[in-house]
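Note that the chains are named A, B, C, D, E and F in the order they appear, and that numbering of residues resets to 1 at the start of each chain.
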Amino acid sequence: MIDKYIEKAKILLEALPYIQKFSGKTIVIKYGGAAMENKELQKLVATDIVLLKFVGINPVLVHGGGKEITSWLDKLNIKTEFIDGLRNTSQEAMEVTEMVLTGKVNKEIVGLINSAGGNAIGLSGKDGNMIQGEKIDEKKYGFAGNVTKINPNIILDTIAKGYIPVISTVAVNENNETLNINADYVASDIAISIQAEKLIYLSNVEGILNEKKEIIKQIIAEDAETLIKNGTISGGMIPKINSCLESIHGGVNNVHIISGEITHSILLELFTDFGIGTMIKKKE
Amino acid sequence: MIDKYIEKAKILLEALPYIQKFSGKTIVIKYGGAAMENKELQKLVATDIVLLKFVGINPVLVHGGGKEITSWLDKLNIKTEFIDGLRNTSQEAMEVTEMVLTGKVNKEIVGLINSAGGNAIGLSGKDGNMIQGEKIDEKKYGFAGNVTKINPNIILDTIAKGYIPVISTVAVNENNETLNINADYVASDIAISIQAEKLIYLSNVEGILNEKKEIIKQIIAEDAETLIKNGTISGGMIPKINSCLESIHGGVNNVHIISGEITHSILLELFTDFGIGTMIKKKE
Amino acid sequence: MIDKYIEKAKILLEALPYIQKFSGKTIVIKYGGAAMENKELQKLVATDIVLLKFVGINPVLVHGGGKEITSWLDKLNIKTEFIDGLRNTSQEAMEVTEMVLTGKVNKEIVGLINSAGGNAIGLSGKDGNMIQGEKIDEKKYGFAGNVTKINPNIILDTIAKGYIPVISTVAVNENNETLNINADYVASDIAISIQAEKLIYLSNVEGILNEKKEIIKQIIAEDAETLIKNGTISGGMIPKINSCLESIHGGVNNVHIISGEITHSILLELFTDFGIGTMIKKKE
Amino acid sequence: MIDKYIEKAKILLEALPYIQKFSGKTIVIKYGGAAMENKELQKLVATDIVLLKFVGINPVLVHGGGKEITSWLDKLNIKTEFIDGLRNTSQEAMEVTEMVLTGKVNKEIVGLINSAGGNAIGLSGKDGNMIQGEKIDEKKYGFAGNVTKINPNIILDTIAKGYIPVISTVAVNENNETLNINADYVASDIAISIQAEKLIYLSNVEGILNEKKEIIKQIIAEDAETLIKNGTISGGMIPKINSCLESIHGGVNNVHIISGEITHSILLELFTDFGIGTMIKKKE
Amino acid sequence: MIDKYIEKAKILLEALPYIQKFSGKTIVIKYGGAAMENKELQKLVATDIVLLKFVGINPVLVHGGGKEITSWLDKLNIKTEFIDGLRNTSQEAMEVTEMVLTGKVNKEIVGLINSAGGNAIGLSGKDGNMIQGEKIDEKKYGFAGNVTKINPNIILDTIAKGYIPVISTVAVNENNETLNINADYVASDIAISIQAEKLIYLSNVEGILNEKKEIIKQIIAEDAETLIKNGTISGGMIPKINSCLESIHGGVNNVHIISGEITHSILLELFTDFGIGTMIKKKE
Amino acid sequence: MIDKYIEKAKILLEALPYIQKFSGKTIVIKYGGAAMENKELQKLVATDIVLLKFVGINPVLVHGGGKEITSWLDKLNIKTEFIDGLRNTSQEAMEVTEMVLTGKVNKEIVGLINSAGGNAIGLSGKDGNMIQGEKIDEKKYGFAGNVTKINPNIILDTIAKGYIPVISTVAVNENNETLNINADYVASDIAISIQAEKLIYLSNVEGILNEKKEIIKQIIAEDAETLIKNGTISGGMIPKINSCLESIHGGVNNVHIISGEITHSILLELFTDFGIGTMIKKKE
């Protein structure tokens, strides 16, 4: 009986070197994909985040809205069209998008983290003038936008006061219009603006695959660029990896791509030698 | 020509005694009614709030959702019923209510304040575990709730960092369920929890009227209680005034009821000797 | 009736963009000329200063003694001579000068600011070793001196603690002798030493005039130098403008020359688009 | 393979409620007995301590010297006698005792904690005037003493600066003479002086046994007193339990008696529902 | 040769127990009488004050103007009359009194302290609204006044920033009129308002004398009261001693009366066992 | 009688210019030689150190163990051999060395300083990971080591909290082995790591002697190098002087070599114009 518990204590201690390494560091987690659709996984992610905070690491969550947005647009019979993989967002669709992202998805995550014993604060890009953007091409994409500037003060202020910031990826432009921004890009821009130690993409992708379709555990930024050039990385992965590389060039030490479908994937990636996805790092 | 400007300077200086009096004080403003329906009034209220902040006063906004909620419930064909003046809120209706309050109305106010040069942060009662509540009577009213506890830390922390908090009146209960709370009551509870100098109800009511239907400029809490007993205050005004009296008994120095239909009513009430509504105060 | 008050609120809000712009900035005001001779203007200047402080701007006053010194020298039958526009100050005259500047004029200004609800502290150049000087030419000018060093700590310390510093322009030399210093020069040296946003000369001059004897509203430092060279600026204005230019070259963003005879001239210059004098600025 | 790691993550999360509960709290650990004799156990205790610190708990170690002192006294042929269970300590023996406690045992613990990635500071009761004492009975016991006063500043100061204090139980009296003090008593006095959340006795005893010789998991202070009166607790356990009770009466919330022979006993006691020893607590 | 220096080091160390005892404490020194008339004594007092500051004690100087005021009134042919030992101060005389106190005597002391390597700041009772007063009896005494309130913030703020405050005893009343206040009383009121450790009257009196005309080294407040009742203390000493007693009752630990004619009397009184005057203390 | 005391006050004031000069500065004192062997000198040094602290200077003591180590090695019959002037330290000898340095000599100094009214904290190189080292040549010298890195945080932290750090010169290497380090070298490395104003070697040497065997009062670092080259400095003085020069090159302003046999030599060197040893300084 007691041996079982001693075994548990040993496992706790296996995490110690990782806790020491990341103590006081800030880690941006882009939260999306399967981990966000499934009620049970959502709860587990929330608990993982709270554990990080209590062992002295500062997690910052950035999330999109995924299927939830489509579902509400459908209920309201608002039709939207995808052009080149980007949603052409009308004003009406933008209103619904903002409400779902900021008033539903964001608050659900905040509620789950708080239920797990954490102290989260939900922020939209409008709060504290955090995310400023501009329309990409109004005629083609409507209110879909790009980031022009991140004002990181509100993130740093809320971390300093002990909160876990949960950020929905809505921006404003100079005319106080609301814009919809790709959450992957926002996560990268935020990680750079606060000079995060790590950026973790929690997604449906298991990581970067080599030619044999095996997950590459670690790769230097330059080598990842080569994989794009030689076609090993292709299709939808290209913008994702480019966003990773931009983070690295902007001063983020490591970017991880891990699967949100694996239970406790964040803890596995950070606190064990196992490593379940791909870590991209700067050439030393 | 120059005389016109000298006249302006004199008017600035007329505000000085009031600015001195309220310098460094916190003022909770319950924002609702006409001032929230009308685009033009919304902008003016936002500018008034920013002025308060820049002359050294700390405004805290508390808002409900009013007609906007009804409008979205209609669009989605969700029917709700009012029982004893309280909306019987189904889970579906609650989801929409939260989205509209927190993802639309709140963010519009934040956007307007920021456009006017302020630095606002939108908070729901879930953020920082701020508003905890319980269902009033689940069978009768569904997810309509009462406040059980206010945790004022997130309000105080964001004021200390220089932000203008804008609060949507959504609460959570112990099961992490979202509850809809009467914004007037939340405003009073928040004003007490942060020991605000003043609580201002910006509403469609001009103030408390005497028997001759004239606005009473100032009244002591005890006298307001007498007016309720002798029937001068009646109908829908009774719960509003009771909420005011509760604030006074809880330590808020003054509670004002002013009309949001009057342009710049907040500034008129705070910075001139005119006084456009009713001020309830503690017996000295 | 109410419209008159709404009008007043609008005028308050017209000042908001200027308040936002100068919020937290330090502004040195050289106080002299008509505004200092007239009891009524004195009170108005004090009130203007207090308003600045309460809307978040940090005013620093620097003053000379003007006619008051001459008047007390006369009462005491102490004769002084002006050589090249500089008073040849005997030890006896210096004693009287210091007493009038530091013990009378300074304390009157402090009293007026405090009466207007401010919190002023009177400082002489001796306090906190602030102004160090040397005699210009003892034989010719006696105890008239030049600034050799400004120690800005006491100014910064008193601002940090919330006071409005009011500075009389007396210096000490290495032998602990008291020196009389030109107040215009001290104001410029102080503005540089604390890297003030603005330096405002409140004087009997309306500003820099162009060839048609009209006030120039704004001028770049380089262009002001040209006006000196081509003779448009001449006579007693030359040292005044040189002192302005020195401030600009030392890092002060703008220097204003405005007439103290105009009621509320400081507020007009800072808080309206009117602009009553001349603003000298750095070439961008 | 991955399942094994997911299992580990789950075990980490089992500790979360305990980490949350003790976050920011101070825990005094009296370190002695088997855990201090055995090289391997020493290292494990050091690692446990470092883990506590990194998950946000403030451990304070208090240690005696045990067998090490006897061993060096033997090497030096210094004979000491035990009277009523107390070592009669001559001046010569006191010198050796202090050297071993403060110069050997203390520094070994500091070294082990630092090797495990912690940041320990070794303190004797002389440092910062921490432990003041008086001789019990000079003729009978020589330099054996009692605590007269604890000055907790140096403990609080080093915790505030992020160190793990490791305290050897040497005191000084008013004549600057060094005294040897019972480490159990010092631990209790220190826990009271810093109002620690918990005091843990890591000893050779498994806990308090009931009449059936089974470990009592939890007991209220009053009930422990009864067990002393009715003889269930007897012999050498009586002073130990009295010291526990004194801590409880002095404001320490819980006192634990656990066996140092069990691997990771500190973590088992704090971070699992298992509970390996006895916890004494205040009646609620 | 070296022995002479070792002797000096020993004398330094004799002061150590006193330095330790008063380290961090605040001591108000009422500066007047002979020590203020004589140039050489002035310099020595300034040096004593600077030494106090550098060894960690916070001196606060309070001074009157003495003969200097009379001398300037004479030069200006302003006649004043003493009624019951109080100067009937006309407005004209008040102007001169303020200039001499604040613009001459105060600045001389500031200059001497700064020359001795200190960092003094001269304050009048007007600065920071420090001393508020009221006229005693306008018809009889003109602008002679009593203290109604001390606002100690400016004294505490300047001590906190490392300055030595030097205070001239001028007050303002509610109409912003300047009043002349007895410096002994102000010193006592200030010592109480900042809860000083000690108040030292540096005067022409050697201390309290007993019936045999010998200086009483130490006396309990109650016993001093008895000496007044039985006539041992009489005449001009009565108000002085009453002012001392008021300080003691207001919370000042000790009040000293020492002669300013003795060189370095402050250091002798504070740093040696000699004690040159009388120390009045609270009954323990 | 009184004149004797006035004389004492004058001597106190003679120290003022030196106190002002070193106020707030940090001074490392290498404590060894005669001053450490003699009980009476020990007490005097402790008092000198406490005086420095109370007049606003921050002393840091670094000490070796000298004869005390040899004496205990003898008692324990542990033989050690000196090779090239360095003790070949076996593991057993190292254990004794550490115990004597850290558990005896260090604590004696701490006790003496505290008895003199100071607040000392004893630190070994292990505390706070302060001194990291490596073995010089294990075969030849055993556990004798060199410094590889000083981590000054614990010194700065304890000074900031008001303590007097007393440092024993024991280091750890990467394998958590204890090393014995030359105290002169450690003192120099520590003085550099905290950028001390001065380093004082309190030793058996009176200073650097010139060709006529007279003490050189002051010498520039370059000139001291010349004296080594031309043989004026020779033998055991060469490593001592090299250590001084290294400190100067590392940023320490002055290094003093003074005799610990002279009573109060630290005070004489710092607070009088006498100067009893040699001061080495940077070329200006």
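Keep this in mind: a residue touches a chain if its C-beta (ideal position, glycine included) is under 8 Å from a C-beta of that chain, and two chains touch if they have at least 3 such contacts.
The shown structure was predicted, so the numbers you read here are calculated from the model rather than taken from an experiment.
**Student:** For the homomeric pair chain B and chain C, should the interface be classed as same or different, according to whether the shared residue numbers exceed half of all numbers used?
**Tutor:** Chain B and chain C contact each other through largely matching residue numbers.
**Student:** Note the rotational component of the Cα superposition from chain A to chain F, reported as an angle of 0 to 180 degrees in steps of 5.
**Tutor:** 120
**Student:** Name the chain whose C-alpha centroid is most distant from the C-alpha centroid of chain B.
**Tutor:** Farthest by centroid: F.
**Student:** Scan B-C, E-F or A-B for the interface that duplicates D-F, counting it as a duplicate when over half of the contact pairs agree by residue number.
**Tutor:** Comparing residue numbers across B-C, E-F or A-B, the repeat of D-F turns out to be A-B.
**Student:** CA centre of chain B versus CA centre of chain F: separation in Å?
**Tutor:** Averaging C-alpha atoms per chain gives centres 68 Å apart.
**Student:** Roughly how far is chain B from chain E, going centre to centre by Cα mean, in whole Å?
**Tutor:** Computed value for the inter-centroid distance: 55 Å.
**Student:** Just how far, in Å, is the C-alpha centre of chain E from the one of chain C?
**Tutor:** 35
**Student:** What positions in chain A touch 2 or more of the other chains?
**Tutor:** There are none in chain A.
**Student:** Which word fits how the chains touch one another: line, ring, star, complete or other?
**Tutor:** ring
**Student:** List, in order, the chains that make up the ring, beginning at chain B and going on to chain C.
**Tutor:** B, C, E, F, D, A
**Student:** Quick one: in the complex, what on chain A touches chain B?
**Tutor:** Interface residues on the chain A side: 75-76, 95, 98-104, 106-107, 110-112, 114-115, 119-124, 126-129, 154, 157-158, 161, 163, 170, 172, 176, 178.
**Student:** If we count contacts the way the header does, which residues on chain D are in touch with chain A in the complex?
**Tutor:** 1-2, 5-6, 8-17, 19-20, 23, 47-48, 50-51, 54-56, 116-117, 262-264, 267-268, 271-272, 274, 276
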